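Could you have a look at this structure, given as structure tokens, before my questions?
So that you can tell them apart, the chains are marked A, B, C and D in the order they are listed, and the count of residues begins at 1 in each.
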Amino acid sequence: SKEKESAAQKDGPKILKVRINADIKNLDPARRYSRWDDVISATIFDGLVSYKANSYDIENVLAEKFEISEDGHEIYFKLREGVQFQKGAGEVTAEDVKFSYERFRDEKTASAYSDDWANLDHVEVISKYEGKIILTEPFAPLMRTTLPLNSGVIVPKNYIEKVGLDGFTTDVIGCGPYYIDEWQPDQKVVVKKNPDYYGKAPYWDEIQFIVISDNQSAEIALQAGEVDFAEISTNTVDTFKDNPDFGITSNSDLDYRWIGLNVENPKLQDVNVRKAIRAAANVPDMITAAYNGMVEQETAIVAPGLLGYWADAPKYTQDLDKAKEYMAAAGIDSLDLEIAVADTSEYRVWAEVLQQNLKEIGINLEINSMESGTFWEIGDGDKGKDVELFAMAFQMQPDPSWATMWFTSDQVGIWNWMRWANPEFDELHKQGLSETDDQKRQVIYEKMQKLMDDDAVAIWVTNGKTYFAYNAKKCSPAMTPNNSLQFRFFSAAK
Amino acid sequence: MFSYILKRVVSTALVCILLIIFLSLLIHIVPGDPAKTILGPRATPELIEKIHTEMGLDKTPFQQITGFFLNALHGDLGTDVFTGRPITEMIMDVFPHSLILTTASLLLAVLLGIPLGIFSATHPNTIGDRILAFLSISFITIPSYVVALIFLLIFSAHLRIFPVIGLGSSGNVGDYIMHLIIPALVLSLSWVGYLARLVRTSLLEVLNETYITAERSMGIKNRTLLFRLALKNALIPTVAVLGVGLGKMLAGTVFVEIIFSRPGMGTLIMKAIQNRNYPVVQGVSLIIALWFVFANLLADIINTRLDPRIQIGKTER
Amino acid sequence: MKTNEHSSNVLQVSELDLCYRTRSMMLPALSGINFSINRGEIVGVVGESGCGKSSLSYAVNGLLPKNGQITNGSISFKGEEVISPDNSSISSLWGNEISMIFQDPMTSLNPVFSIEEQIMTAIQAQVSFNGDSNSEKREKMLKMLERVGIPDAEKHIKKYPHQFSGGMRQRIMIAIALLAQPSLLIADEPTSALDVTLEAQINDLILKLTKEMGTSVLYITHDLGVVAQICDRVMVMYAGQIVENGSVQKIFAEPKHPYTRALLEVHPGRAAGSRRLHTIKGRVPGLNALPEGCRFASRCDYSTEECEKISPAESGDVNNFVRCHNPLSGAVPEAETSNKEQNILENNKEDELIIDAEGVKVQFPINVSLTDRLNGKKPEVLRAVDGIDIKLSQGEVLALVGESGSGKTTAGRCLLRLNDPAEGSINLKGNDITNLKERALRPLRAKVQMIFQDSISSLSPRRKISTLLLEPFKIHGVKVDNPKAKVKSLLEKVGLSNEHAGKYPHQLSGGQARRVSIARALALEPDILIADEPTAGLDVSVAAGILNLLKDLKEELGLTYIIITHDLNIINYTADRVAVMYLGQFVEMAPAYKLFENPLHPYTEALLSAVSIPDPSLRGTTQRIILEGEIPDPANPPNGCPFNPRCRYSQEICKKEKPQFKAVSDDSEHLTACHFPVIKNS
Amino acid sequence: MRKKKNSEIGVLSQLVKTPSGLIGTIIIALLLITAIFAPILSPYDFSTQNISERLSGPTSEHHLGTDHLGRDLLSRIIYGTRIALKVAIPAVIISLFIGVLLGLIAGYFGGIIDYIIIIILDTIQSLPSIVLALVMLTLLGPSLTNLIVVMGLTLFPGYSRVVRAQVMSARQELYVDAEKALGAKPLRIIAGHILPNVVPAVIILSTMDLPAVITIEAGLSFLGMGVRPPSPSWGVILNDGFSHFRQSPWPIITAGAALAITTFGFTLFGESLRDILDPKMSGMDS
């Protein structure tokens, strides 16, 4: 039957079926919410520049020319001529570029990604195809995360002005290799090859993104041939590895996941207590139990491979003697603590392992697992002072400032749940944002991470690693090193 | 009939009002912010405020409730702030799938349960009856999610006879039905047991009635007696129970839909609760409540067809 | 003669034994039953409750309950043996040769099918209609329905059983049973759930139709009066045996078995005006403890040592025998009578009225559907009691009689304010209680008590008898020094032994339960007692016991009674005055003896003539007035005189004008509401 | 007092006479024993982890295998019995208390009070209990106590309805009129005469509700809304097992079986009890 299938594919359209973990919410690049909004809109929209297949290297896409001024305040671009938006929505012009970028700063758009364009002053239109992006200050992440990704894509100005914001949520129009064909809420999203695409035509004629929220179900669907490509859980990697029909691809994530310690809480004010906890925690066990050992231990907030990765960071493993020393130094021999976790299996396992670890140094850890909605509120404002330990994961973009921005002192009571306030750290963060020299930035971010380490405010667990399994007889995937799936570069089985 | 329906409408309206009041109050006390829950650290204060305004969380509960009802009367249950889709549309998209799933499983239950019940009632206290009784109780008591988990593995991972994930490709009726079979079977199992027992008891009861003896004494043959004269009486309680079953369909579908990744009312409300997507929770709850009332009404009406003694309107609500 | 008998013999039962299997033992419900039924003969079966009358009918028609088993003997139908292990030979006779009418017409029709569907299903199954086309079958069905007295059958067959009254349903049952012109009809107490007037109608119908068709009837009843009226022959059953079998004339004239005689003696129809009713001591023995010798010995006034040891055999022919060691001879002696008139005069102290109710009306709201209400229909009421006056002095006994649904119970309940009067005033012992608050009424309740129609359900099911008997004292805060002794004395007062104190109500028999509720009502020594149908559903002997008790209590305690009943037989014995109710109104009121002698209202006249008297010689002699039709719906009473549609004297004026309730002759004690009272020309 | 005991023994001895009653009683007895003697019966501490032995099948050391943290499954299942009963019994008692009270009030007073109560019951019942419980748990946050309270609040309408119906029909009964005619006050009638008639139905309903509560509790825990770790609720074991099914089916098999057997036992028990108590309390004979 496998042969028949491929035979049929030779005749009919080439269809790729991809599992997505959750339904799309909004495909408008400025108002996207989830990772799957990102992945799918990336097939529909093109920006001035983009990452090449399987890499962080940037190439021109819509831009014919793309130049950054010496002082980093201006970016000149010249568009390809004659590029058409899908579904007859007109030609791509510099006006569209201006509109696409400036709307991120517009209050009416209420973009969750407005910070991507934090330093945008305005876009100057020089001619129909030429323009300049004017910045108030140089902005290092712009080239790394804003322009090559979804915040840098071009949307049709005239069309959006015509249909209004509410008309541009799931029925979007871009100028990328695929156009949106059909959306069956909670079931699937179908994109089809854009016949008028100006660039290299993608291999797949049609991609169906099928919603399967549960990992187990997805794995079954993959085995049953109901999908061709799916994210799988670390627990089942072995099963697919042993099966020649399937290929596995994985990449370390950039996310950072940690157990935070609230330094403002009286019980944790003493750095020795925090260090004792850190020394007692058995992170490798957590990794074995929660991820079947399929991920790497994280040593600091910036992931390996990124600018700012701190290679020499200490890698903590359980050391009970040391932990007891710290406890003695703090002058306590027993303590009742509570860890707040959102109720997922992953965090629960961490907490349960930590519970067992801390028991050995006389700390009784209560696990307060709560439903995620409740969890997200506990760090708010002064309420956050009562938090003791918590398990958390933040998403990350490939620029170190994305990691450090949440732990400055003005984030206390917002996202800095450790309530760790360090003026030096704040200052360094500011510097890191406007510094454009990569080497200088590397020094800045390493230093920031050291500051965090000294104060023992977090037990870093893992950056995570995402595993995808795919039908090796059918397709061959492509993604950036941080797991951004590049469906436009997916090809036939190799 | 008319006054009966009017009465039902009034009490349904009261139920809905109370439900929405309950949910609206809940929104004001429940911890958790929809914006933060969905966006995590991306949620800026402005964005949070905007989402609150769009959800109407800045209004007083009274305004919320009245506003909700005024709109609901026009069939407008609000829009999902995150996708911008009308909630009515979101519900109408998934409702048929839940309905088909429930109906299919009830149908399966009727097709299997009633004959089994008749068999038991006509062979009381035989080995067959005892075995059926044991099986029925087992079917009734094993939680549906346990059955679902086990079926998922047996049928999909090992046997691979039936596809079980999702709804199947759209527009392909055959594929849809194939995807329906296992989930419907899982859901129907407890109903099979339940109906078998119910039919058994009520049929046995009916067979002991004087009128059955009287009819037997008129020379009516056993077959006619059983399938024509007794069964109709025995089905009256069954129909009422099926009505409740149809009305409570969500209770079962939540698990089945989650485990088999089927879109439906269960998954919709589950996700909405998790995301604190209040307008969706409200809208879905309202529809569920209305459906519940409707299903019971339907059962009542069918029962008046079956049982001439029940005069609609004279029965207690 | 012999050959003739054989050929005309429809049913022949010999040496039949029937047992019921129970967990602990086999209960011998029937033993050694011998009889036969001839073509066209109507054979009555009588006996107290539990004597095996129904079991006999089950055995004959093959509809035994699951645990029933024929252990011995034979039943042959028209010369053919019908007992077979799987019932197959008898079941082929069902509907065609043998058919049944059941006791309760309310439960013997399938509630979810229309009359037409039910009859047609039955017809389809019956071989005698095999050749007919469907329309012919329908034709026959309609004709039969007309014959049993369902007018406009075409219209009514679309209806469902619940839309018919009990009497109508029983007619329909009779129609179904006689459709195929069977040879044998088995009727198990077909009228005991019906009123006297309906009973007469139904029995007449059975008699008429079966005579026309030549159908034999096995007619089971506990009322000897009915037997005397319609049966050719009677079999008396006692504890699973036939103790006497013979022609009606002979047995009523000269009962040989002491049990037969006792049954005749206790019949209230014979007791008019007597000082004291006969009763039969003891109870029918349970099947699990049948005595060795004669089963009746322990209750028999004539029993000898032989009787207690040796079970007597049948002596005589198949259909003419007695099972007794010492058969009696001669007629049953007349009951002694006392002078009624005097009784009344003694008690009638006009000056002090203990009950004084005037113009009392009780109304129940009727659901009017909203559509009707929107169409301008006003909410209606059902006038259950429609303006009655009740005045009673100390020690007087008033009887309320009337057909079912005439409002007797409601009238009684209203006097106790269990139903609130819509109009009128109620004065009890000089207190106006018409609008009294429940709280204020409570102390008075101790002095006015009611015995409810259904005694078992008027006793709280999960309380022991002793608790129930002490409850009145608790409620009214009366201290009881020695509760046990109190319970004992109360039970003794109503003729029960102390062993019942620890039982629950459902463990009592109907008669015992009634006694307990009397004891409870009497606990606080009330002045007024309202007894609602105190003998309904009881065996005659038990009923007689209750009536004696009431009478004794009256004499002892000087109670004032209202007795509600539809059984005119018992009134003559108990009541000083009688009020006849029809559709919520009094149509006649008079001292009991005057009412019996000279009923003024046509309704009273008809009620009296429907009374069954256990004397077959009266058959055909007194002119029986059988009331046509049934009591109208009280929600929708006829215009003019409420009785006019059923009255044989009805004239134009009766349809228009409601007659006044007043004295018609110079006798101020005898009131009636009739335009044309029946005044005897004596 | 002694009398009462007798009658209870009477019911029990009748129960064990039928096969299903016997099986039900045995299962419940075993459950109770397991719950009470959990520390003695379980071979290990239910929370001790042994990461290196995680997800093993049954071995001579771990008779039912281990979970994803290497904890002994047998011990966890045994302690799970405690949780199941700890939630179910108080929850049923709460709903019984509220339900009976409201049912009595609605049934006895009728009219507008009845109407209001009925509407409230309708409202609660118009949402499936699992959804209602989810919504309410979101409000209160998952914890053992909250779970109990929420279950109690979702289930009480069942009792109210039964009690109300019984009271309504009891109110029509003659014996209530008879009490009234004797001059008894409403409280006496309700407490002394109506309530005892409602008791059997309520007892039956509550034995039938116990397995329902256990099922819902495990279901909520399965959805991640139940009790807190490391409490070994069967639902939690199922949930964890579901994430690691490919590696070891044992958590799901054992927890699923424990749940199935428990609900099966309670249902058999409840039904046999109903057969005995209903319609007349013949078991009360002395």
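Things to note:
By our rule, a residue touches a chain if its C-beta (ideal position, glycine included) is under 8 Å from a C-beta of that chain, and two chains touch if they have at least 3 such contacts.
Being a predicted model, the structure only gives us computed values, none of them experimental.
Should one ask which of C-D and B-D has more C-beta pairs in contact, the pair is B-D. Centre-to-centre, using mean CA coordinates, chain C is 50 Å away from chain D. Distance from the chain B centre to the chain D centre is 23 Å, each centre being the mean of its Cα atoms. One inter-chain figure worth recording: chain A and chain B are separated by 39 Å, centre to centre, where each centre is the mean of the chain's CA atoms.
We define each chain's centre as the mean of its Cα atoms; on that basis chain A and chain D are separated by 45 Å.
In chain A, the positions touching at least two other chains are 216, 371, 373-374.
Under the contact definition stated at the top, the residues of chain B that touch 2 or more other chains are 30-32, 258, 276. Touching pairs of chains, sorted by label, consist of A-B, A-D, B-C, B-D, C-D. Against chain C, the residues of chain B that register as touching in their complex are 1-3, 6, 209-221, 224, 228-229, 232-233, 236, 306-309, 313-314. Chain A meets chain B in the complex at residues 24-26, 33-34, 107, 110-115, 165-166, 169-170, 184-188, 210-214, 216-218, 220-221, 223-224, 226, 371-377, 394-395, 406, 415. The touching residues of chain D, when paired with chain A in their complex, are 47-49, 51, 54, 68-70, 137-138, 141-142, 224-225, 228-230, 239-240, 242-247.
Looking at the complex, you find that chain B touches chain A at residues 30-34, 36-44, 46-47, 50, 82-85, 90, 93-94, 152, 156-157, 160, 163-167, 170, 258-261, 263, 267-268, 274-276.
Residues 20, 118-120, 122-123, 125-131, 134-136, 138-139, 141, 211, 215, 218-219, 222-223, 238, 242, 245, 249, 252, 256, 259-260, 263-264, 266-268, 271 of chain D touch chain B in their complex.
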